[in-house]
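Presented sequentially are two complexes of chain A, the first with chain B as partner and the second with chain C.
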Partner chain A sequence: MSATVDAQGLSCPQPVLMTLDKIKKGSDKEIVVLVDSNTSKENVSRAAQSQGWEIADVQENEEGYRLTIKKD
Partner chain B sequence: MMLKNIFATRWGIIGVGGLIGVLAALLQKLGNPGNMGICVACFERDIAGAIGIHRAAVVQYMRPEIIGFVLGSLIAAYIFKEFRSRTGSAPIVRFVLGVFAMIGALVFLGCPWRALLRLAAGDGNAIFGLLGLTGGVWIGTLFLKGGYNLGRTEKTHTSVGWLLPLIMLGFLALMLIFPQIKGEAKSGILFYSLKGPGAMHASLIISLSAGLAIGFIAQRSRFCTMGALRDLILFKQTHLLSGLIALVVAAFIVNIILDQFHPGFAKQAVAHTMQVWNFGGMVLAGLAFALAGGCPGRQLFLAGEGDGDAAVFVIGMIAGAAFSHNFGLASSPKGVGPHGIAAVIIGILVCLFIGFTMRKKIA
Partner chain C sequence: MPPGDLERVLCGLKFPTDPNLIVGLDSADDAGVYKITDEIAIIQTVDFFTPIVDDPYWFGQIAAANALSDVYAMGGIPKTAMNIVAFPVKDMDISVLRKIIQGGLDKMKEAGVVLVGGHSVEDSELKYGLSVTGFIHPDHILTKKGFKAGDRLVLTKSLGTGVINTAIKGGLASSKAIEFVTHLMATLNRDAAQVMKGFPVHACTDITGFGLIGHVAEMVVDSGFGISLWSEKIPIIPEAFDYAAMGLVPAGAYNNRKFREAMVDIYPSVKRAVLDIMYDPQTSGGLLICVKKESADDLVNKLKGKGIDDAAVIGEVLSEPKGKIVVS
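Our next item is the complex of A and B:
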């Protein structure tokens, strides 16, 4: 079971802050991040990659994007 | 797989910053005011003058660049399917932040873009403004770390996101219906400056085209000066910062070529040398931008892609310009206005109140 960060409706830097908070907690190897804009998707991806995480999956849906980020 | 957004890459943002720098320096050459090829705050202030909500005779002109920024962003957002009509994240707060952002920017005499352009033209006073801007954004990041946020937006009717672009189209229509008449301070309902910065402008078609081009690429790249400083302080990220640096370097090079580089502090174009208030004005502006989530330019581009809250910030800035000039808050080359210092202090207090009290739990 992966942790989820729901950042829908929030604009930068909140989605990044929330994702980094979750990453820093250190208990999860996989995090699902929900965002509603392309900009947030780009920002969260960039921030996750800078922390050594990889973008495992990106799905687009009606409400926005569902990113799955992973750390080996 | 989705088409990759090349403008959102490192070289993309550098290219966008560079192009803005080049176009700004060229716009100055083509008629815009000194070290003000582009200034979002100054140009929104000029628009406030053009529609007569302040009556400072030297700063009245319906700036087509601003219209172009919003419409260029709208076009890009539609082409790349990023137009999303949304609102509801504390609009009244965004209005107030817009008002004080403008008041602070007009004490310094410029938005962050113009601060960079002033620096690229040799205006040393801009250094104090940029330090103030950084300080203001830094205070903003402390609030962000402490949980400050204005809450989530909601998706809404498409037409909501169209309102600011429609207002801009209305402004453009007014300009075409009531064009500037040589030697006249008024054309129909629009005011025009006969002298001062408001009388200096490139032709409508050039200004509008440059605005559209910048609006388009800035929407794609998410170019933001406040974001550049914020991400550096908050995340040690230099992505947006590289665009900001590219802007300064590009404008500097074009200024050298066009003989627009004049290093010094005294007698700089549309600037004053009261450094404490160059600094203080931009502390206020930077803090307001950080709390609102974007520099004045970015707010225009967000409004173009359907962000109704950013649109409220823009309207707040235009209203702030009216307050600034009606109440003697704005600076002039002679120095700060009679009530500028009081307004900066009040503005910082208001921003601190907003920052300390608006910590909505979002988890």
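Our next item is the complex of A and C:
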């Protein structure tokens, strides 16, 4: 079970800040981030990559996007 | 409004014509120009927005510098202005508005502009700006067209105000970055405009909400030329690169990219954060000056001599590919 960051309904930079917080806690190797705009999807991807994480999966659905980010 | 939306609103509407209207709505330029006599034309422009910095006095200065910029970009001299104010009277102390207007007044004084009036409304969201009128000789108007292959592009302010403002919203911006961007946005484009008058300048615009690439796109469309932008030469506000790389890119930058990416060719070597900054919407951005190739370095040196330290040659006009922006 991956950790989840639910940033739906929030505008930037909030989804980025929540993702960075979760990453910096350091207890997870995989995090699922839920966002509802292209801006948030793009920015969360940049945030994860800037911390050395990779974007393992991006799924688009009716509510927005579901990103799975991973750290080796 | 996001790029494209306004075009859809205005598309097909019939606007009155007048032989003395030299620059009007059809040319997507920075301001309108109307000829009074063979020697004098008036330039008119209006701009207002919601606060982008916490300090009301600085916000007033920035809003005024931003509104005045369109006149400078066309080669004119601003002379009169009117305040535009929307203020939440019930929720906010009136002293805040006083500081904003004081900031605007000080910037107008610096520009040699006289305030002749204004209009205020009660609104849930604070907004401030100016309607500005300036003068120009009808034969000396600078627009976004008129450049030639080989011309160099000179930018007079660093990019990244939108990224820094996003970092400020997130509480992540350093005090150094905040101070830099606040002063940069409040800086008039007057000195840059004065310096360029002594050079063979073929076109000019200012960089604002559509970002560098969005404004270059307006130049390129229907021009018969292409424009090359050199990503490594672009002046960037300290720390904006790092903030963009960590995902503090405003929605406006993505909107700008979506609207224009079909006409942009990007070399694989271009860093993503720099590209994001090239789409970043600017508040009170610098002038983008198209100058004859041989004069470009001299222009930059003269700008630096006037204290415009960020000035740089950032690209050139290409004969091919027509209608394209090439980012290398």
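Throughout what follows, the second predicted complex is superposed on the first by the 72 of 72 C-alpha atoms of A that agree within 3 Å, B and C clash if a C-alpha of one lies under 4 Å from a C-alpha of the other, contacts with A are read in each partner's own complex, and residues count from 1 in each chain.
The rule is short, and it goes like this: a contact is a pair of C-beta atoms (placed from the backbone, for glycine too) under 8 Å apart; a residue touches a chain by one contact, two chains touch by 3 or more.
Every value quoted in this text rests on a predicted model; they were computed, and no experiment measured them.
J.: Mind checking the superposed model to see whether chain B and chain C fit together on chain A or clash?
T.: They clash.
J.: For A:46, decide between first (touching chain B), second (touching chain C), both and neither.
T.: A:46: touches chain B and chain C.
J.: After superposition on the shared chain, which partner residues are touched by A:60: those of chain B (first), chain C (second), both, or neither?
T.: First partner only, chain B.
J.: In the overlay, answer first, second, both or neither for which of chain B and chain C A:38 touches.
T.: both
J.: Once the shared chain is lined up, is A:17 touching chain B (first), chain C (second), both, or neither of them?
T.: A:17 contacts both chain B and chain C.
J.: Now for A:68: first (chain B), second (chain C), both, or neither, which partner does it touch?
T.: neither
J.: Which residues would you name on chain A as touching chain B in one complex and chain C in the other?
T.: Common interface on chain A, chain B vs chain C: 11-14, 16-17, 20, 37-39, 42, 46-47, 50.
J.: Quick one: in the complex, what on chain A touches chain C?
T.: The touching residues are 11-14, 16-17, 19-20, 37-39, 42-47, 50-51.
J.: Which residues of chain C touch chain A in the complex?
T.: Against chain A, the touching part of chain C is residues 166-167, 169-170, 172, 244-251, 254, 272-273.
J.: Enumerate the contact residues on chain A facing chain B in the complex.
T.: Chain A reaches chain B through residues 8-14, 16-18, 20, 36-39, 42, 46-47, 50, 58, 60.
J.: Can you name the residues of chain B that touch chain A in the complex?
T.: It comes out as residues 2, 5, 8, 80, 82, 84, 86, 89, 144-145, 149, 152-155, 222, 227, 230-231, 234-235, 237, 239, 293, 302, 307, 362-363.
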